[in-house]
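Next come the structures, one after another.
Heads up, the next two complexes both have chain A, just with different partners, chain B and then chain C.
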Partner chain A sequence: MATLLNILSSGVFHASILFLVASGLQLVFGVQKVFNLACGSFYALGAYLGITFVDVFTGRGGPPLLAFIPLLAAGILLGALGPVVERGLLRFVYNRDESFQLLLTFSVVLMLEDVIRFFWGTYPRSPKGVYLAFGTLHVGGAAIPVYNLLVIAASLLVALLMGYLLEKTRFGKIIRATASNSEMVQALGIRSSVVYVKVFTLGTILGTVGGALVIPTTAAVSEMAVHLIVLAFAVVVIGGLGSMKGAFLGALLVGLLKSVSIAVYPELEMMLIYLIVIGVLVLRPQGLFGGAS
Partner chain B sequence: MSRNRRDFIKTAGAGMVGAGATMALGGQWAWGAAPEGVPKEPVKIGVMAAQSGVMAVPGVAALTASKIWAEKVNQSGGILGRMVELKVEEETGAKETVEKFKKLTLQEKVDVVVGLMSTGNGQAVGQEAEALKQLWLSWDATTQKGVVEGQPVANYSFRSVDNELEAIAGAIMTAKHFPNIKKVAGINNDYSYGRDCWESYCRVLKMYNPNVSFEESIFLKLGETEFSAAIDALAAKKPDLIMSSFWSGDTTIFLKQAAAKKLFENIKGCFTTGGGVHDTLKKEFTPEGLILGYNSMYFRWTDNWPMLNDFIKIYYERTKTYPVYECDHAWFVLQAYKAAVEKCYSLTKKWPTKEQVIEALRGIQVPSLSGYRGYRKDNKQECCFFMGVTTHKNPYDFVTIDPVQIFPSASIQKPEGYTFDQWMKEWEKQVQELKKT
Partner chain C sequence: MMLGAPEKMGSNNAAGAARRAWHPWVLMAGFLLVAIGWPLVGRDYQVYLSLSFFSYSIALLGLNLLFNYTGLISFGHALFIGIGGYTAAFMTHKYSLLNMELIILIAVFLSGLVALLIGLICVRYIKIYFAMLTLAFGMLFHSFLMKTYSLTGGDEGMHVMQPKLLGFDLSHMDKMSFFSGPYYYYNLVFFALASYLMWRIVHSHFGLCIQAIRDNPDKAEYLGISIRRYRLYAFVISGCFTGLGGALMAPVTGHMDPAMVFWTHSGDMVFMTLLGGFSNFFGPMLGSLVFIFLRDTVSSFTEYWRFIFGALLAALVILAPGGLMELLSRGWAAVGGLRSKEQGS
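For the complex of A and B:
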């Protein structure tokens, strides 16, 4: 029982972070048809700025239990990068071959790695006094950090809000319409460039908030961006490129699989995940929730 | 097998006398122009340091130490009056690293190359060094099997101590501090260093504590940042002690996530190389009572070694952190090179050839940040390893160790001419014979 609960809690926690980043990736791909590798760097930037904000917050007497405020603030503030990257770089490659888009976003990864190194150095960093302040929940012999549960809840809330935004609001309809047929949307008098900026900014914020929320549980290290890109790639392939439901299910599957494999046979962790990726690519190339290819 | 701090300071003190003699010998050039027989142009030293990814922490630290060393040497007149000029290249993948090594050698025409941490890169560069007849003094990059298989004979390459020594020291510390443990579990990285450390640790601990049993270690890929599932898996094994050879940010993350799951409330721990990121091991999540290894340099090992005190002050002013082991390796190789050149000049009155420097390096002893250390006749480094038990009783927000145990590599590294396995078997035989008597 304890083992099962441990595997579940670890897997779902990991999945919740993966979902935040992958949903940003999916949103951008769904609308702009760009596979944004820089999502991993946005995640890393969120983590590093989150540490700075939390340290300032707690350093000025802010209670660690309210650390969500500076963390979210850091994540949202970094959304300002969205318009800069979209208008400054991405818009030039929308109609180019996919390999150009991948090269461009990968170059953003490398540049942002240097930016991180310049401002925060190479030493591992983590915010002080937040993670353990939330305590640990003991259930059925399993020890589950309360902060992890809050991150899972926050991720679920984001999933619900995204669902509401896409299904129930006018902006959501525009996003879906642009994803489906951007020329038709332009013909209706909606500037697709504005939609692209907004969507990319939203995608950026999902990544930066993901990084900011995860950082109290871990430490920011220079390799975290690339590490996440590898997993996010698996999530979107399994779930289906451009699908939010796919991001949710793919993240859950990858998170749980990672957790189970570490508990049973850790050497096979990545192999198992990528066996499923290969299986999906062979049997259902559009992914579990992707549209027909 | 181990010495206490006082013994070591005595050894270091004796070494200081030697250092004084060397300084006096070299003093005639120290503050003047280049003497006769010495070219006027700067000495070019190639430095190959990792600056990104998981190796960035020790890589950048070592690069900083190299720069501080060069500044200090230049301030005191350079090497035989020649200023030192560092040519820095980044250590990346094996192929690129070899290309950069070639560039430093053929294009920049450096006198010596120092650096590298990855054994894979070291294998490739080691062979290139022999082919190009370029002197290469490595910082690390020396796991047992990697070097035995990849470069059994070295002439122009001078290697670090075997990278598994901290695991051997950790096993001795475990036997000493936790003699009653029955079951050990491990969590290590899934590459040569992680696997060799686990194997060495188990083998040595078993010699001194035959009653101990080992669960299969969890091997995770290098760079992993999420350990919740691994921590649960470790707890499920119900060990008395967990051993880990993590040496970078993974130590910090693992200990933090372990604290949230109360892993070390009833389980002991031995982190053979965690001191590599020592000031990120905050008291809030790093418990007291863990065995923690600092590799070849512990910033608090003594107050009586001016070279260390001076370095820590400069390093802290620049980085706002306390130096880690790779600083000592970087400092030592440069210091050794300088001493070897000066030694040659004292005999020939000419700037030495690479081959002469190589001869002078073999068997050399020089002062470094961690005390006296040197090279053996088989081109392998010697140094001391610092290990201890974590304590919160210090003025910092991170843990330190007390008591400090110092292991000279001469007592925990395979002797010249032995393979690791031959040496282990010899050691096991000696322990058996000792038990019989």
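For the complex of A and C:
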């Protein structure tokens, strides 16, 4: 029982973080049709800037229990990268072949890797004293870190807000319309370039906030960007490219799978995930929630 | 070779396009002559770097058969570098089988076999799905290498011993003179043979078929070309070439570790291809040459060479998707245009 609860809570925690990054990936893919390899780098940047902000915050006497504030601030501030990358690079390749789009976002991966190395060096880093400050909750013999629960709650809140934004608001309608036919939207008098900037910025923020929120629980290492992209990629393949529901379900599956295999047979952790990705691509290339491939 | 493939425009551009001033093989022969003399004039270290150029060029011949000629982008081709390289590591390190020809034979066979198995699944998809599926297979192999510690040394990798060439035991030579001497020429021969073979493949009936499939799959199917089968053939051939490149690369690096098959290494390979120009037969070779020597130069004065290369890649994708070959041919055409103006006035 206790083990099951532990597996479940850590699985859902992994899933929450993966959902944030993957939903950013999905949003951008849905609207711009660009598969953004750099979303892992945004995540890593969020993590590193989050550490810096928290360290400054606690260094100035800020209570660790309020560390959410500097973490979120770091994530949201990094949203400024969105317009830079979108207007500076991506807008030139919307009408090009996918291979060029993949390579262009790969170039952002290369650049941001060195940006991180330049500002934060190559040693693993983690913020001091935040994680433990939140304490642990003892339920049925299992010890669940309170911080994890807060992140799960935050991620659920984001999921609900995203759902509301996409389904109920005018901006959401514009996003969905642009996703299905951007020329028609343009013809109706809406500048698609503005929509693209907003969507990409939102996608970037989801990634950077994901990185910022995860970092009290683990150490930031320079490879975290390129490793995360493969996981986020697994999530969207399983869920279906471009689908928000898919991101949610995919993240839950990958997150739980990850913690189950870590608990049961850690040797197989990543292999199992790739095998499932391949299985899904073979049997249902559009993913569990995707439309037509 | 480097001046090579852009067809020389005559003073009359329209007529010049059809007429090749220099046959590509004349340029290739010129390049080979330079390459033969290179160890005599180049410093040992530069000659050693050229070995990476040979093995990457051969690997990229395979990658570009898919990318340019078949219209499929693989983001997992480092997998085949890994198969070739780990074959060399296993045979030399674990079983003391040092015969390079045997290593190459087995590496190419295994690469082809794996390409056949993976290809049966991958070639059912195109575009982003093909890219993702190849990436997933590459990463599957990566995690296999990481987790089977007792077999592959996990993330520490495996050593690759100095092989015997054509049965000659050259272990009495020191490392540098082995690489800048016998092994250099050994690689050069394979480079020339592989380029010739691939040239014949892309200009054969088969080569025309896959290009027809790339340009218009529906029409190709009406013509009776089995799309999946031809894509599968292309995938297997591609895997074999890249596996050969990996096997030749292994003794040079002297060490194989899972980073060789990580998806970013596949990305680097696509980068090299684009850098030189994927739509030109010789483009990827130029790309690997420039990539290897430029990386060496840039990383000697800054540790942040990835930033510079990322910016370079972004500029290429946006401004010159045809790569250096396109820039060269643009420059060539501009020079031709100037000359004809001078003659006209």
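Convention: the second predicted complex is superposed on the first by the 293 of 293 C-alpha atoms of A that agree within 3 Å, B and C clash if a C-alpha of one lies under 4 Å from a C-alpha of the other, contacts with A are read in each partner's own complex, and residues count from 1 in each chain.
Here, contacts are C-beta pairs under 8 Å (C-beta built on N, C-alpha and C of every residue); 3 or more make two chains touch, one makes a residue touch a chain.
What you see is a predicted model; the values in this text were computed from it and never measured.
In this superposed model built on chain A, chain B and chain C take up the same space, so to speak, and clash. In the superposed pair of complexes, A:Leu165 makes contact with neither chain B nor chain C. Of the two partner chains, chain B and chain C are each touched by A:Glu267.
Looking at the shared chain after the overlay, A:Ile76 reaches neither chain B nor chain C. Of the two partner chains placed by superposition, only chain B is touched by A:Thr136; chain C is not.
Of the two partner chains, chain C is the only one that A:Leu275 touches; chain B does not reach it. Contacts of A:Leu288 after superposition on the shared chain: neither chain B nor chain C is touched. When the shared chain is aligned, chain B and chain C each come close enough to touch A:Arg117.
Look at A:Tyr147: by the touch rule set out above, it reaches chain B but stays clear of chain C.
Residue overlap on chain A between the chain B contacts of one complex and the chain C contacts of the other covers 113, 117, 226, 267, 269-270.
Residue ranges of chain B in contact with chain A, taken from their complex: 51-54, 56-57, 59-60, 190, 218-221, 223-226, 228-230, 232-233, 235-236, 248-249, 252-253, 256-257, 259-262, 277, 280, 282, 284-285, 319, 321, 397.
Those residues of chain C that touch chain A in the shared complex are 67, 73, 75, 121, 124-125, 127-129, 131-133, 135-137, 139-140, 143-144, 146-147, 262-264, 267, 270-271, 274, 303-307, 309-314, 317-318, 321. Of all residues in chain A, only 2-3, 6-7, 9-11, 13-14, 113, 117, 121-126, 128-129, 131-132, 136, 142-143, 145, 147-148, 217-219, 221-224, 226-227, 258-260, 262-263, 266-267, 269-270 touch chain B in the complex they form. By the touch criterion stated above, chain A contacts chain C in their complex at residues 35, 37, 89, 92-93, 96, 98-100, 102-104, 106-115, 117-118, 226, 229-230, 233-234, 237, 241, 267-271, 274-275, 277-278, 281-282, 285, 293.
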